[in-house]
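Each chain carries a letter (A, B, C and D) given by its place in the written order, and its residues are counted from 1.
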Amino acid sequence: MKIGRQTHRASAISTSNEAAILVRGHDLCEELVGRISFTDHVWLLVTGELPSEAQRRVLDAVLVAIAEHGLVPSVQAARMTLAAAPEALQGAVAAGLLGCGSVILGASEDAGRLLHETVTRAESNKSMRAAASEIVGEYRAAQRAIPGYGHPLHKDYDPRARRLLAVASEVGARGRYTEAAQAIALVLPEITGKPLAMNVSAAIPATLLDAGYPLLALRGAPLLARTASLIAHLLEERTRPIGFVLSHAGAAAIDYDGRKPEGFVASDQ
Amino acid sequence: MKIGRQTHRASAISTSNEAAILVRGHDLCEELVGRISFTDHVWLLVTGELPSEAQRRVLDAVLVAIAEHGLVPSVQAARMTLAAAPEALQGAVAAGLLGCGSVILGASEDAGRLLHETVTRAESNKSMRAAASEIVGEYRAAQRAIPGYGHPLHKDYDPRARRLLAVASEVGARGRYTEAAQAIALVLPEITGKPLAMNVSAAIPATLLDAGYPLLALRGAPLLARTASLIAHLLEERTRPIGFVLSHAGAAAIDYDGRKPEGFVASDQ
Amino acid sequence: MKIGRQTHRASAISTSNEAAILVRGHDLCEELVGRISFTDHVWLLVTGELPSEAQRRVLDAVLVAIAEHGLVPSVQAARMTLAAAPEALQGAVAAGLLGCGSVILGASEDAGRLLHETVTRAESNKSMRAAASEIVGEYRAAQRAIPGYGHPLHKDYDPRARRLLAVASEVGARGRYTEAAQAIALVLPEITGKPLAMNVSAAIPATLLDAGYPLLALRGAPLLARTASLIAHLLEERTRPIGFVLSHAGAAAIDYDGRKPEGFVASDQ
Amino acid sequence: MKIGRQTHRASAISTSNEAAILVRGHDLCEELVGRISFTDHVWLLVTGELPSEAQRRVLDAVLVAIAEHGLVPSVQAARMTLAAAPEALQGAVAAGLLGCGSVILGASEDAGRLLHETVTRAESNKSMRAAASEIVGEYRAAQRAIPGYGHPLHKDYDPRARRLLAVASEVGARGRYTEAAQAIALVLPEITGKPLAMNVSAAIPATLLDAGYPLLALRGAPLLARTASLIAHLLEERTRPIGFVLSHAGAAAIDYDGRKPEGFVASDQ
């Protein structure tokens, strides 16, 4: 059974023969290993071109900013998974990444689309602020949340967002996407009646898109960064395990409110 | 129900308050973002300490060397998964990582244990070569494969292994683990009767362990590197899809040899 | 950091003490094990009530109908994953399930929503056919595909869809959702100009929803059925492996069309 | 690059043409859908043959017995994953299955191997009790845990184990594997000095292997059963969410004991 398109049959990422492995046209061993950083390589893999100094520094800053944020759900899922299945580190990393979805880390791509739409409209004879105001109004009318603004802990500002924008300025990589992100921050209080600070999920696409990183690969950056964090947590889990403490505490926080025979007393979970 | 140890209840990776996120004791925004590379951050997360220049360069070299090697099974699994479930990029990355197990990328940790055992025995009044000979003999007696030696494509040498050892020399990070890896390469033909060149799965632990990277985190390095490759392939899959071509070609390569009614003719798969 | 709602803190599925495990209020060992079928148990777990004979037979029919369909992408992903990571059967099953997304098995839930909307509109003073016509018109206007209709292989009819509807009739479980599914099949050629036969992704929600299975659990049925298929394929992979044959055939079907040095000849993949 | 064996290129599970889908030689729509239960189908998929009444009842009993056991780690991982990534139900199920590894559900296969070895040795001129004693002694000498015996909650006996053995008796499916399991239970106190009751992880392989279910597919049974439980929990998560309550309770149970600047006070997690 043939499902889907079958006409395109090529890939442009790498090839090899007995003498060499080519990655994006470069001889892996001769030109890349030992000569470029992992961040350069990520940029090369994703875009097909080696980054400029500014591009690499922006991507480094983003990956460092979002790798680790404590015992978030995806880290807990990974640590409980390793406790129960220690034979498969890759399974625990995978379980952790599966929680990097639309609610938590996935907001970067949604915010990137919002910024992209804002920049696109501002290109056609409209100020950035007018474009931002128009789009935020449309989101509100459709009762959609504005991705990348507001944070449960950091009410005033998200320090990672502020720092990412500062790094982009330092390396000279600020541009239209950051302008759009700031325009949205300005119009939000006018339209929603409350300040909603830009959070890291808007600062990531603003700085990466300004640097030339592709919109469609935005969700990859948090996944890569989170993989580093998961590896650190899973090494700790191997040496100082807390996976079953986490699951016991979770279970103890939940009551059973279903049917039960009269007089049934549940044991301590 | 309490499963497993419950007494240890702490983690040393990160904490936060409203003003700051601490990662391994460093203020994330003030000290890390924009000041260190992602590779530095990976080392910090995993070991608790920022790396030296030599340590960072070795880790960069390893991650660059093993990120990408074409349409390997894990990349194909990821691309087919994205084709079938485009709503969840994280699911496609997870599917790819699940194939980074003992047969393919997991050999690094096994090779690391072999090197560690060799180095440990050589510390107690024995030459490295004698230790290597003894251990390889034991593996042979137990009919275990020697992890990190031999390659289906690169008969003579694995260019990535050679290059990693060269980088370690350049940055002055070569030590006892590399010595052990080379001792094993020397004794293998004597014991097995055929040359088995050191492959990248032995060169990774040799160089990383010499640099001070922890043995128990060895499997994390290929997983992190492969995540970068998966992100690049999944961006390509979004823009130039081949997922269903891969699955069609796979199905077409397999015959049905089970029971069937007389005269039943299967359609082209 | 508190993310999300924290006020609701209860679960109604199971509890236990030293003497008994309760599942949905029933003593697992006394009342369920050995007394009900697995399909009864699935219905009990999902809905909170034991099924009627008709309900069980419909769920059995659906699960049998959709468990196995050859070397589909998710099966290939699972078999390649087990070949590369044989230490973790659960990882291979997980890799297979990750491909049960919106494009392939996920259409059941989308079709269920379409049927639910059709039934709901037909309740308010409108014929089912008028409701179907209205909704199909809206989908067309929004350029949305009609989930559950059309099949790349079965042009005329999908035999599994026809059989599921017949079983529902036999057990007396046909109702408004099936009526809606057939109304849509009738209006489709009028609106789109071509016949689009009802496929299994519409027959599943039609029969399950008529039987009283919950709309929000529709995606669970294909996932459960596919798990059975994956287990069978992975047992075969352990004893008659084809995982690396699949990946070799896939790679051989794809050309490299990226940059390369003049004269570079790729080896056979 | 060719990895692994390439000579075997066939599968015996299913095939199809435009008129019919064959599963294990049976016409899916004509012979299976609506005529057999899902449990029959699982047996057929896994073994290639339809089960006897006794075989089906044993498999039903096992699947019912082990599907659900409250907020175990894999259920918590799945619910947290859905809370963070609601767009991908399949990802949450996969995250849950990834925790069905060697420590928790995987013990069934290990216990099955123990029983298989016991039965095999008893076939060669030795009583079952002598075989059990010999093997338990070997496990003890190698400091290996005895898989399938002992339980943190059920000190005296595991009610699910007792019930499974009773069902096997009722349907006339008891045989040598159950005999081996009981022989091990008898010799354990003599050898270890403490009673270690047979738990469900030994009763599963004892009853399934006696019924003729294949040893190499043992790990599939808990995975299939757990999928049913996960689907029920994820439906509940969609309607009565607790995922973020679980993760908050987990985080609150863990202290930070890493480096921090003097005076740093962490906020409530």
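By our rule, a contact is a pair of C-beta atoms (placed from the backbone, for glycine too) under 8 Å apart; a residue touches a chain by one contact, two chains touch by 3 or more.
None of the values given here were measured: they were computed from a predicted structure.
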{"item": "Which of A-B and B-D has more C-beta contact pairs", "value": "A-B"}
{"item": "Equivalent of C-D within the choices A-D, B-C or A-B, defined by over half of its residue contact pairs recurring", "value": "A-B"}
{"item": "Self-contact between copies subunit A and subunit C, residue sets same or different by half", "value": "same"}
{"item": "Distance from subunit C to subunit B - Cα centre to Cα centre, in angstrom", "value": "35"}
{"item": "Distance from the mean Cα position of subunit D to that of subunit B, given in whole angstrom", "value": "29"}
{"item": "Between subunit B and subunit A, distance of the C-alpha-averaged centres to the nearest whole Å", "value": "23"}
{"item": "Multi-partner residues of subunit D (each touching 2 or more other chains)", "value": "1-4, 9-16, 18, 20, 69-73, 83, 85, 87-88, 90-91, 94-95, 98-101, 103-104, 106, 153, 242-245, 247-248, 251, 253-254, 267, 269"}
{"item": "Touching residues on subunit A, where the partner in the complex is subunit D", "value": "1, 16, 70-74, 76-77, 80-81, 83-88, 91-92, 94-95, 98-104, 106, 153, 242-254, 267, 269"}
{"item": "Sites on subunit A touched by subunit C in the complex", "value": "1-4, 9-18, 20, 22, 24-25, 27, 48, 69-70, 72-73, 85, 87-88, 90-91, 94, 103-104, 152-153, 253-261, 264-267"}
{"item": "In the complex, subunit B residues that touch subunit A", "value": "1-6, 8-16, 18-21, 23, 28-30, 32-34, 36-39, 41-42, 45-46, 57, 59-61, 63-65, 67-71, 83, 88-91, 93-95, 97-101, 106, 153-154, 159-160, 162-164, 166-167, 170, 214, 216-217, 219-220, 223-225, 227-229, 231-236, 238-245, 247-248, 251, 267, 269"}
